[in-house]
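In the part that follows, the structures are each spelled out as structure tokens.
Consider the two complexes below, in which chain A is the common component and chain B and chain C are the respective partners.
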Partner chain A sequence: MISKKVTMVGAFAVGKTSLVRRFVESIFSEKYHTTIGVKIDKKQVQVDQEMVQLMIWDIEGVDVFTELNTTYLRGASGMLLVIDGTRENTVDAAQKILDTVTNSMPETPVVLVVNKCDLKSQWALTNGQLSRLNIAEENIFYTSAKTGECVEEAFSRLAELTLGSAIME
Partner chain B sequence: MATEPKLEPVQPAKESGQDDYGKLRSLILGDDYESVITERIKSNETDRVAEVLPDAVAKRNAKDDSLSQQFSPLIQSSIDHAVNNNRRQFAQMIYPVIGPAVRKAVASALTEMIAKLNYLLKQSLTLSAVKGRFKAWRLGMSYGEYLILQNLHYQVEQVFLIHQETGLLITSLSSDQVIKKDPDMVSAMLTAISDFISDSFESTSADSKLNAIKFGDFTLLIERGPSAVVAIAVRGVVHQDVENQLQEVSEQVHEKYSDALETFNGEAKGFADVEDILESVLIHEEAINEEDTSVPWFSIIALGLLLVWGVVTGVNNAIMESKVSQVIAAIGETPGYQVLEHQLEDNQLTVAVIHAPGAKSIQQLQQQIDSQGFQLTFKNVLSELSSPTMLASILSQQYSAKFSVETAEAGFVLVARGTLTDAQVESLKSDSLVTSHFQSVRYEPIILSSSIESQYYAQFYSLLKTINNTAIHFDVGSVMVSPEESRALTSTIQNIKALSELAPQLKQKIHQIAIMGYADPLGDTTANLSLSKSRAEHIADMFKANGITESLIITWGMGAKDKSTVPDNLQRRVDIRIITESLE
Partner chain C sequence: MAAENIKSLKHNLALVEQGALLSNLFLRLDIAIFEYDNGVFCALSSLPDWFDNLYCQQMAAGSGLANDGYHLEEAFPFIENFLFDAKKIWQKNTDDEIKSGIWTETPDPLNELNLEAIAMRCGERSLLLIVNETKHFDIRRKVFQRARDLALSNERLESSLYLHQRQLHLQIEDLYQKNQSFDEIQNNIQDESTAILICKQDGSVELFNKALIDIYAISKDQTPPQKSLLKKWSEEAEKQYPEIRRILATGQHWEGEFETEDDHQRKKWVRMMIAPMKSDDDSLEHFVCIANDISNIKLSEREIERLIQLDPNTHLPNRRYFWNQLNELVALNKKTGTCLGLIYLDIDHFKQVNNELGPEKGDQLLKTVANRLRQSLKKDDFVAHLGGDEFAVIIDNVDDEYMMSEIAMRIQENIARDVVFDDLTMNVTLSMGIAMYPKHGIKPHILVKNADYAMYHAKELGRNQYRITSPELHQKVKHKIQIEQGLKTALEKNEFRLLYQPQISLGSKGEFRMEALIRWHHPEHGTVSPADFISVAEESGLIIDIGRWVIETACEEAEKLNKAGYNAKVSVNVSAKQFQNGQLVSEVEHALNNYRIDAEQIELEVTESLFLHNLENIQKQLNELKDLGVTIALDDFGTGFSSLSYLKKLPIDILKIDRSFISELPDNQHSRTIVESVISMSHQLGIKVIAEGIEEQTQLDYLKELDCDYVQGFLFHAPMSSQDLIQLYQSIAPIKNKASRTKKLSNS
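Right after this comes the complex of A and B.
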């Protein structure tokens, strides 16, 4: 079996940890415990005929005090960039992360996840806002860690992309 | 433009003039001329540049940063050079600053992960230690102490080969008795923890990276090479030999698999036979004992042969042997000293000892011991045996009684349990180990702590439950165990063995181990019956081959017995059921 390291990045409280929990353990909690440093989980995904073991590095969210710690990104074959559909400024944070990452590892595939899509009434994003992130349509997913919507799909897509990629230095 | 035409006519005259002058010079000054003149210019030039250099640098720096740009790679490489050549000095300089900071940072930010790592490792290592722990408990000492008393200073229980860049596990091996638990996670977490540390100090120098984590009984040693990390879980006291072997293994892996490491993409291809290298660091109990016992065997046989041939040197050998044991015994009898191993090479007798702080110094011992003509050297395995509990365990062996430690207001009290002769009690009173570390000695009858006992019962029942819930699944029509299922099989076998070892000590009797084979409903009934029977028998064979008591095993072929709602793939299985009874 093949193993791949992937990372979860994005602003704080966008739901990175919740997405991983939903994906790995199929559970969700309203409680918010911010991640310190990094938390690691794993899950196997089937891509075509092959099993891929994803080692998921859930990295602490960026905020005004915490910058993205790029050491944790080393050797990743894919990245799940998460924004919160109810908070417009999480797109800026995502933009900033993309800038840093595309510099140091330009070929790492990125899947963009717009999370909390169950909160339609508080939705704050307009369609145009995502286009400046320059991510291909087929790599964008509207998810909810709460209902589980599209979570599997997003991780499956990421797994698929990791197989096509070489490990970046 | 205007000056050009003026210059042109002058040029030829000047050239020819110089030419003549030059010829004249070389006529007068001969061949040395050229070399003398360049030498002259060089030294002048150097002086001149030396004069203006500081000013020039300052001026240029004020203008732009092109100088620093030019210099930075140079400086970088000379720093690299200096660091590489004086690693030790740099480490020594940096360590006092970084050491405490590392501890603090790790403690505050990563306790949770370390706790989880600890849990994972503990889970996978405890079963193997159940037996030893049980004995240790009976003797009233901690497992770590027990290991030392068993002359087992260490046991490497698991080794991980980790890809440096990604933190992905390439492969892991464990000593026979250990059940692997999520080596993938262990490997990723180790990498994350050391990433965190190196990031916190923005340092990539290999020496500042994490190289050991200690959890209770065991230590994780981490050897970081350029493209792979080798980590081992060691139980007991880490011996220099283990560290050396670890380093060796890391070097060998890098040498042999440099290409595979370079192109590693998450799949352990290209690492054929790497286990053979990793295996060499899995030094464990048996290996040490084998070494210990093989020495006398060899000399007995050698002695026998030599005696047959009537050669005098044979007798010499025997005399040597007995001299060695006299020296070893003398050291062992010195209060506070314990001999772990010894080695004789030519006339050089090396003795590995542990000694308590209150005991005689090694120098004193060296003077006092009759070395029987050998060149005697000591290897101090564990110099800082300061903990009173450790001392208690050494005493336990010397006096074959059970000692433990209690804290009192003014220091420690040594509590003795079991039987001691009057003479022993006397010598205990004047033993320097005791007098230097304990305020007083108290004697008590043997008491078994029931809470620990119940812990072992809990372990027993949890093993039983795990085994009774095991199902091993099969492919359609197959009696062979697939690679995915073989892990379940291995762990079941290990669990049953651990259970059988615990049972008699907890006064539990294992009556039978039933292996029940099932088949899915496809195909005809007789065929299914015989298929299910073969499945059960195949598993029984595996059990027997792996040392599970044959007379306890019974096999049944159940055919297809499940409800039709159970998926076929879950119906094709073997269940295990153990029946036990408490004799108390």
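Right after this comes the complex of A and C.
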């Protein structure tokens, strides 16, 4: 079975860990537990006829005190870039991460996840803000770790892309 | 043969004990330690249970603890990734190390392990340590959790303010566009909790609401505000937003946050939007200014900053906070032309406490020191925990060094109280270094370096004291550090050599004997005196390797002399550390065998200070050396405590009278009495005597009268190279037949 390393990156408190828990364990907790460092989870995904084991690196979110440790991204076949639909600032953080990654790993496929879509009343993003990130529409997912909406789809898409990159390699 | 086997067994047992001790230590520190060699990790000590369980879990069943070592990169993808950086460190031949950062493993759904890997090079070995940080992790997580919770709620608050200001702007603009009168607009905004002011381009006020009066504490007799608030705001905001004047002058929209002062000169933070209000023909008529007091948000931002910059154990500011504070205060003192004092502090023997009592007690000790430091200082003084056992104190606006000395003494007094743990009580002391701004450095990093040098010097002088830095001290310490660094590689680079100073027999039965004296040729500093480097080598433990080299080289020299036809005795200085190391006897034995020389050709010189250490053990080693056949000389006799009981108890063959007594002969009555008594007493105990430092003929004549056995000094020969020594012997006692090995060197 093919194994692929994928990374979860984004600003702090956007829901990276919640998305992983929802995807791997089908669990959601309302309480925000900050991540320190890295936690690695595994889950098998079927892409077409092939099983892919995703090694999901849940990386501590960036804030004014914590920068993204790019050594954690080494060898990743894909990246799930997470923003919080209710917080504009998280788009800026995502933009910075993208700038870093496109410089050091330009070929790494990126799936953009706009999380917390269950909080429509607090929605703060516009399509214009997202288009700045220059990510193809088919690679953007509006998810809710709380309800599970589109979580599987986002990870499945990332798995497909990692396989695509593997074929390209 | 049996004795040799026992010796070898003892040696092996000592190694096993050392190994067991280290293994135990790593277990207590919760560290799994491995050596990396040819793609495989070998455990260097017993592994903690958590590691074994985790490793077995990660690896496929049955392949867990393979005979060919541990495959950590297979078990832990995190380690696999870290190996990339680790290998770079292992390939370098330096003492660098690299940390992986924390990663989390979940051995079961209820438990988490928070681990960190450290790669380092130790001698020729590539080491990987996996440290279990779970115990300390909780405190760290709580700090970050609190900081991020606060940051999140601030972000939400700021977003909602921003949104509200925009909605208000649209509402007012709408009213304005509909040509509503200012009175009507006023009615609409009067009770709004956000401050609103509408003014002309020159700042003259058209209307404002109650919230503005509240923010700016405008008194009733000053309403409406007479002075131009627009001008005041643009001046205040200009410090952070230099473009604001241009923007307002061209009638554009501006938003931002800045510090402002109310009418009572109280500082506040406001978030303000200034938007143009234009006529139908698009000409600028008014500005609408919308403001909220965000002082509370700013306060909690500072709280976040504070939380992140605190050491989780001592709750003192950490290194990052210290540097920010020092930079800020130096800049401030530069402006005001005042002085600042910096104290660098280090807990004496902390490493020992941490190693012997474990990290928990170590942390407890750090907390106690932190509390006592706080108590020793005033509220405005700044104290930080820089990491490990290092602390720093910044005293702003000090008068002079005298004031800093007083503070240092106060700290010293307050710290030097017993610390009571559950089952033991210990006394804590600090070494401190002081540097002053601007006297000892105008740049923060120079100031820190100088305080650090002074602290290092305080440690040198015996700890539990403070020292104020000075250019001389700086040079001295810098030189010493260079010596220390240089010593580490001096052996490898072959920078040491031995010189030999002949010792002359005054009796009828003369012999060839000499003292081996070490010299170090430093590539930059030239010849470094043993007085400058031996103590450094002793402190760092390098004396063990250097001492071994001296013994080997002295034996090599004896062999060379043997081959040249001279059966000579070489006397070698030995440090107490070599005895403490426990390998001295086997090292001497090895060197004697290696160069195939008689044991009696080697003499070991020890000083009286040696007997201050575990006398029983020293006595045992001296006896073992005597059993080998080497002789023992007691050096510098008379300068220490000169206990006669040691002469009786210990197997001393030769006693060396210190040069300080000889230099005063024969005129000084006191020295004469001492020298006479020592020679007489030694002879009665069957011990021979060497007088060193002979420079005058009168000294020699006097010593001959006293029947001194040997003399050594510049009156005869300065220390010389091996080549010169052989030439000297050949000039005095030419060898015609090399089989004849016993020749005399006499001064007659």
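Heads up, the rule we're going with is that the second predicted complex is superposed on the first by the 165 of 169 C-alpha atoms of A that agree within 3 Å, B and C clash if a C-alpha of one lies under 4 Å from a C-alpha of the other, contacts with A are read in each partner's own complex, and residues count from 1 in each chain.
Everything that follows uses one rule, which is that a contact is a pair of C-beta atoms (placed from the backbone, for glycine too) under 8 Å apart; a residue touches a chain by one contact, two chains touch by 3 or more.
Everything numeric here is computed off the predicted structure, so don't read it as measured data.
Peer 1: Check chain A with both chain B and chain C modelled on it and let me know: fit or clash.
Peer 2: Aligned through their shared chain, the two binders clash on chain A.
Peer 1: Which partner does A:72 reach: the first (chain B), the second (chain C), both, or neither?
Peer 2: After superposition on chain A, A:72 lies in contact with both partners, chain B and chain C.
Peer 1: Figure out whether A:63 sits in contact with chain B (first) or chain C (second), or with both, or with neither.
Peer 2: So A:63 only meets chain C here.
Peer 1: Identify the partner contact of A:88: answer first if only chain B is touched, second if only chain C is, both if each is, neither if none is.
Peer 2: A:88: touches chain C, not chain B.
Peer 1: For A:36, decide between first (touching chain B), second (touching chain C), both and neither.
Peer 2: both
Peer 1: Looking at the overlay, does A:13 come into contact with chain B only (first), chain C only (second), both, or neither?
Peer 2: Only chain C is touched by A:13; chain B is not.
Peer 1: Can A:5 be said to touch chain B (first), chain C (second), both, or neither?
Peer 2: both
Peer 1: Between chain B and chain C, whom does A:124 touch in the aligned arrangement: first, second, both, or neither?
Peer 2: second
Peer 1: Once the structures are superposed on A, label A:55 by its partner contacts, choosing first (chain B), second (chain C), both or neither.
Peer 2: It touches chain B and chain C both.
Peer 1: Which stretch of chain B would you flag for clashing with chain C, going by 206-214, 260-268, 296-304 or 440-448?
Peer 2: It is 206-214.
Peer 1: Both chain B and chain C contact which residues of chain A?
Peer 2: After superposing on chain A, chain A residues 5, 36-40, 55, 69, 71-72, 74-75 contact both chain B and chain C.
Peer 1: Quick one: in the complex, what on chain C touches chain A?
Peer 2: 77-78, 81-82, 84-85, 101-104, 106, 114, 137, 140-141, 144-145, 147-149, 151-152, 155-156, 159, 308
Peer 1: Which residues of chain A touch chain B once you look at their complex with the stated criterion?
Peer 2: Where chain A meets chain B, its residues are 1-5, 36-40, 42, 52-53, 55, 57, 69, 71-72, 74-77, 162, 166-167, 169.
Peer 1: So in the complex, which bits of chain A are touching chain C?
Peer 2: So the residues of chain A touching chain C come out as 5, 12-13, 32-34, 36-40, 55, 63-65, 69, 71-72, 74-75, 87-89, 124.
Peer 1: What residues of chain B sit close enough to touch chain A in their complex?
Peer 2: 109-110, 112-113, 163-169, 184-185, 188-189, 192, 195-196, 198-199, 264-267
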